[in-house]
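In the two assemblies presented below, chain A is common to both, partnered first by chain B and then by chain C.
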Partner chain A sequence: MELAELTRRRERQAPQPGEPRRGSPRDGWLPARYRAKAVTFGLVAPSVLVYTVMTVVPVGVAIYLSLTDWNGFSDAVFIGFENYLHLFDDPSSTSAWYVTAVVAGAGTVLMIGGGMVYALLLKERSRTNSFFRTLAYYPHVISALILGFLWAAILGTNGAVNSTLQHLGIGPVGFLFEENLALVSLIGVIVWAGFGFNVVLFVAALQTVPAELLEAAAIDGASRRQTNLRVVIPMISPVVTVATVLNLVGLIKTYDLVVSLTNGGPAGATQTYSFLILARSFEGTKVGYANAQAVFLMVVCAVLALLVTAARNRQDRATTS
Partner chain B sequence: MTEQAETGRARRRPIVRPVMLALLLLAMTMPVYLLVVNSFKSQDDILGNPFSLPLGDLTLDHLADAVNSPQYNVIRSYGFTLFLVVVVDVLCILLAGPAAYAIARSTSRRAQSLLLYFLAGTFIPGAALVIPVIYVLRSVGLANTVAGLVAHDVASTLPVSIFLFVGFIRTIPASIDQAAMIDGAGRLRTFWTIIFPLMRPAVVTVLILNSIGIWNDFVSPQILLSPGSGRYTVTTAIYAGISQYSTDLTKVFPNLLLAVAPVVIFFVYMQRHIISGLTVGAVKG
Partner chain C sequence: MGTQLRRACAAAVAVTTVVAAATACGGEDTAQAGVTTLRIIVNISPNLTEQYWKGLFAKYEQSHPKVKVNLELTGTISATAKLTQDLAAGDPPDIAQQITPTKENAGLFADLSGQAWTGQTPLADQYAVDGKRYLVGVGQQIQSLVFYNKSAFAKAGLDASTIRTLDQFQDAMAKLKGAGYTPLQTSGQWVPGAQFSLIADSGVLTADPDWTVKRKQGKVSFATGDYLKYFQRYRSWIDQGYLDKSALGLTYADGQTAFLDGKSAMYIMGSFFVPAADAAKKSDEIGVFSMPTDGAYPSGQFGNIANPYVVVNASKNKAAAIDFVKWLVTDPAAIESQLAADGNLRKGFTYPMSSLGAQVQKILEEAPSVLVKSGERQPVEGYPAELNTQVQKLYTGATAEQVAAGLDKWWNSQS
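== the complex of A and B ==
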């Protein structure tokens, strides 16, 4: 950080002698000042072009379509904000929000809690601990789609768990076929796949907690639990904040796992908002409405992402002060 | 009080930790164990004793079927997925590197707002964007083409890559650039020959982040490449295959095993880089 500040300050003084020399030997067609600008433009332009056409323009298209009643075939008629009003009285939309909120809320709480418990258990540097950390982490590198199919083969009606239960004379449990249980299973798999990321993040933070602090707490007669709750966790609270918002933003977008684990079923009980948007768009009849949902999801994600930035800034300030 | 707490702690600690670690071991290895053993069993055996080791009647038939399957072949999809990963990685670095260099070395307000412009892209959820992307690709004539998918994937990797590069380049002293400039190097040459080699840690982070992201991506290839194109990535091949044979577990398990194997092998070899790369990417990006 300090290094970056130093170099930036030094550079601000340098350009005057550097700048004319930079262009002068070779350029014949542009004054040095403009040539430097043209070079900068050339460095930046390709990225800006690709990013603008493939990301920013589609956002614009989504906003435009969300204000029309386009069905994919007819001419699009501008209808203002009507699509947005339906976001709150359409039952499948509200139920998808409920599912998304439960998944994101419960998933985040459990991932942060589980991550913290295992981070405290595994924070010491040792071979065993590093093995267990890696073990908790590995699902993070595997596609959520594939993890969902794997768990579907384990929890499904003829999956490993149910066929074992059947041998014991217990009827099939609808892990994926009873509405509430399916939602619980979805959250369970999400937490299983995601908490290891928090473990790694928290362990890195815990290892920066100064040992003197822990000694001081021990001398004052604090138990291990008191030390953890009153000293250690508050010390790393900025990291916990960042992890919380990262998990929330990630889970709001949950899509792949829903497709492979439950495909939104039973009866839409595990249909998240992203899932609903893509399902709607393929029906092909309510493109305008699906885009209103997409724009709304973008806004929610943007708000949450702004929270990440705010949390991160606070963390930066906390670590530099 | 304190003494009680002390003895309580002494009694509790040796029990809690092993129990928690045993739980972790069980929860994390059980699915992989089931995946591996059931890839070598017959359908009856999978349904009858899913948890048993296939010691007596181990069969390689189903794995061989999956390897040789004419349809939705996972092994064949490795090639296309790897191609996609490499092309997107290379293009992303070629575009993001110079852009990040220009932004990092400029103190103007415009450069800072350009960085914010790119950063805004990290907010956008992929599933919400992919439908409008179809319309844009259609209007530039790239609908249902590999080029269209590559363009979309490159654009989706640019924001985080540029952000990480800018952060790293700012830690490299600008006097190095000035030395190169005095020796007569242009800005592009200064970047590729002097600065870029110094950026290795950031480049490794970006490569790992993007490679794993593209390899595991499902929404973009599924929606931007129609099944008619005949091109399948690992995820879309698995999706197409399992949607068709979801009840035939002798197809499900071997195919999933083939899909997971390359990632797990890559992870085992590069775990330190991968874990730090993905963590840095998520927290800073």
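== the complex of A and C ==
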């Protein structure tokens, strides 16, 4: 819109000496009034095309397939909303939703909280702080699958931690074989692997907080804790909102770490909804049903993202009014 | 701007033309060379490694210089899921290993019934769909086997040949525990469900081979039938410490290694365990007997076709693909190589076997039947994974009744 406006403004300017008159028929094969639209369309079209091909079409196909009994091999037969109804009587779904909710809820809180604390501690520019920021971000650049295998080798029954404990005469701790502890281990690894991303976001945001505000708070006698809670964090709240939405949606879709760390076990205790879709429904050639699960998951993600954003906006309005 | 737009369009067309021409020329080069490229997806396992498959295919390429065989890896998903993805993408491979055709999807695979050589392949008719052979295999695996550590048995004063019933098996575990061993090795991942299946199926399916058919019809259930007794017995083994709860934190490979290292006394697994024992040079220290049951002994061996292959109907090189599959399942050298690699068996074929392999072969020869879960006797999709989840719940506190009821509830929700 802005670009089109700029283009229109330029067209309204008078031609410079020696510059041919704009808008004359010999200028091009399009009349002047369509030229700006053509430019706008030309610039936007590639992005729209890529977005359509890579996102809109697959989502459309997924929605269509979710209404069929397709097993990935045979012809897809339209069965209406049967797959969606099955979502609510499938016993596997209930436990998977519980695990997903715990992972997403606890994971988001810990990643946001941990990332914020870490960023506040390391917000000043120094070599030491840069080193620790890099250290926090480092797991984020490694494949989650590899991280899962790595932590399985550390936390498994014969892993590094339990082997050390056994040398000390302590029996194996059920990091990966006791239901609750396995879920805690999974969340711990997820937080460790992902909170560095939040650190980077928050450090960048913290550096945009005006120094005048911090000075004013200091003059008013605010402690460091009060300054952080009452001045700094509210100032970067839009970034916190974005990070919350990204973390929440990302964690609802947790799959790769589950595969490599626990494979959904023990007894399905770490089986997330995405794992259920990919490792159970899709592997079990229930492709139509898997698509219904995926569409449902997409809707849940969208609703949650909207709710978080709406809550943030409401709070912002309340603060400014 | 109009000129710029025209230039941009012209450039795009030029680039597209050049790329298209280059692609076309590439294809022509291959065609001119007369080389047919076959794509195959296989399951990679500790025995059948990527290196093994490539070596096997290289032998075919040597004897068939006009054919190149490309192995396509499936990553973290199964061969079935990979084929599903490839079909959905409109780019299926020519051949797939480890996929069992069903009534619903048989049309996707080439009907090999007209090929006379398929009649010589093992279990060809058991896996036929509506009388048509879509699947051919190299050999067969048997799975109702209990491998045991000879030293542990000697220390516990046990004679493996006298263990024929589940009560005797249970008594043996008590003695092994007393001798300081973990009686029965398990691990996490898919292993608990598979081991339970081997224990229970040996009894239930020998007594009634059509139990699964009846379960589909709703005439029997897990909670009211013989499976409940097996769940109860399995739970009691966990409670008595015959199965180690912490083993759920092990991978399949780690569990196998623990048994090979002598940390546990018995290991319920299929014949494909033999190559692992051979590779670890432990075969002579390990014995094997058929899974005890509450019924006749020896029971029928729960088994399946080994290294099964299908040719994809949409293959552009179907004739070459069928020739290649024929070689895989009829060429003596290829057969022996594949049998040896995965510890599989086939009547009329042999390969240098360890003492352990020879014992497994003897068990197969003495088995009254080989129970194959194919056709109508196949459980509903997803059953092995759900069974595994439910059996693991026995380790984490669920009762046998809860597990059996949970399995029934899940099964009913899938119908």
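To be clear about the criterion, the second predicted complex is superposed on the first by the 227 of 321 C-alpha atoms of A that agree within 3 Å, B and C clash if a C-alpha of one lies under 4 Å from a C-alpha of the other, contacts with A are read in each partner's own complex, and residues count from 1 in each chain.
By definition in this document, a residue touches a chain if its C-beta (ideal position, glycine included) is under 8 Å from a C-beta of that chain, and two chains touch if they have at least 3 such contacts.
Quick caveat: nothing in here was measured; it's all calculated off a predicted structure.
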Original post:
Now for A:176: first (chain B), second (chain C), both, or neither, which partner does it touch?
Top reply: second
Original post:
Looking at the overlay, what does A:197 touch: chain B (first), chain C (second), both, or neither?
Top reply: first
Original post:
So, A:259: does it touch chain B (first), chain C (second), both, or neither?
Top reply: both
Subject >> Superposition-derived comparison: chain B or chain C, residues of chain A touched >> reply: B
Original post:
If you stack the two complexes on chain A, which partner ends up touching A:158: first (chain B), second (chain C), both, or neither?
Top reply: both
Original post:
Touching A:145 in the superposition: chain B (first), chain C (second), both, neither?
Top reply: both
**OP:** Go through the superposed model and pick first if A:39 touches only chain B, second if only chain C, both, or neither.
**Re:** both
**OP:** Applying the touch criterion given at the start, work out whether A:268 contacts chain B, chain C, both or neither, answering first, second, both or neither.
**Re:** second
**OP:** Would you sort A:223 into first (chain B), second (chain C), both or neither based on which partner it touches?
**Re:** first
**OP:** Could you say whether A:291 touches chain B, chain C, both of them, or neither, answering first, second, both or neither?
**Re:** first
Original post:
Same chain A residues contacting chain B and chain C, which ones?
Top reply: 39, 42, 145, 152, 158-159, 259, 278, 281, 287
Original post:
Which positions of chain A touch chain B when the two form their complex?
Top reply: 3-4, 6-8, 10-12, 14, 18, 21-22, 25, 39-40, 42-44, 46-48, 50-51, 53-59, 61-62, 65, 117-118, 121, 132, 134-146, 149-154, 158-160, 163-164, 192, 197, 200-201, 204, 221, 223-224, 242, 246, 252-253, 255-256, 259-260, 274-275, 277-278, 281, 287, 290-291, 293-295, 297-298, 301-302, 305, 312
**OP:** Using the touch definition up top, name the residues of chain C that touch chain A in the complex.
**Re:** 1-3, 5-6, 8, 76-78, 80-81, 83-84, 87-88, 104-105, 107-108, 188-189, 245-251, 254, 258, 381-382, 385-386, 389-390, 392-393, 395-396, 398, 406, 409-410, 413
Original post:
Within the complex, which stretch of chain A touches chain C?
Top reply: 27-30, 35, 38-39, 42, 71-74, 86, 89-92, 145, 152, 155-159, 162, 171-172, 174-179, 259, 263-269, 271, 278-287
Original post:
So in the complex, which bits of chain B are touching chain A?
Top reply: 2, 5-6, 8-9, 13, 17, 20-21, 24-25, 27-29, 31, 34-35, 38, 46-48, 50-51, 94-96, 98-99, 101-103, 105-107, 114, 117-118, 120-133, 135-136, 140, 151-152, 154-156, 158-159, 162, 170-175, 178, 181-182, 184, 186-188, 191, 212, 215-219, 223, 234-235, 238-239, 242, 246-247, 249, 252-253, 256, 259-260, 263-264, 266-267, 271, 274-275, 278-279, 282-283
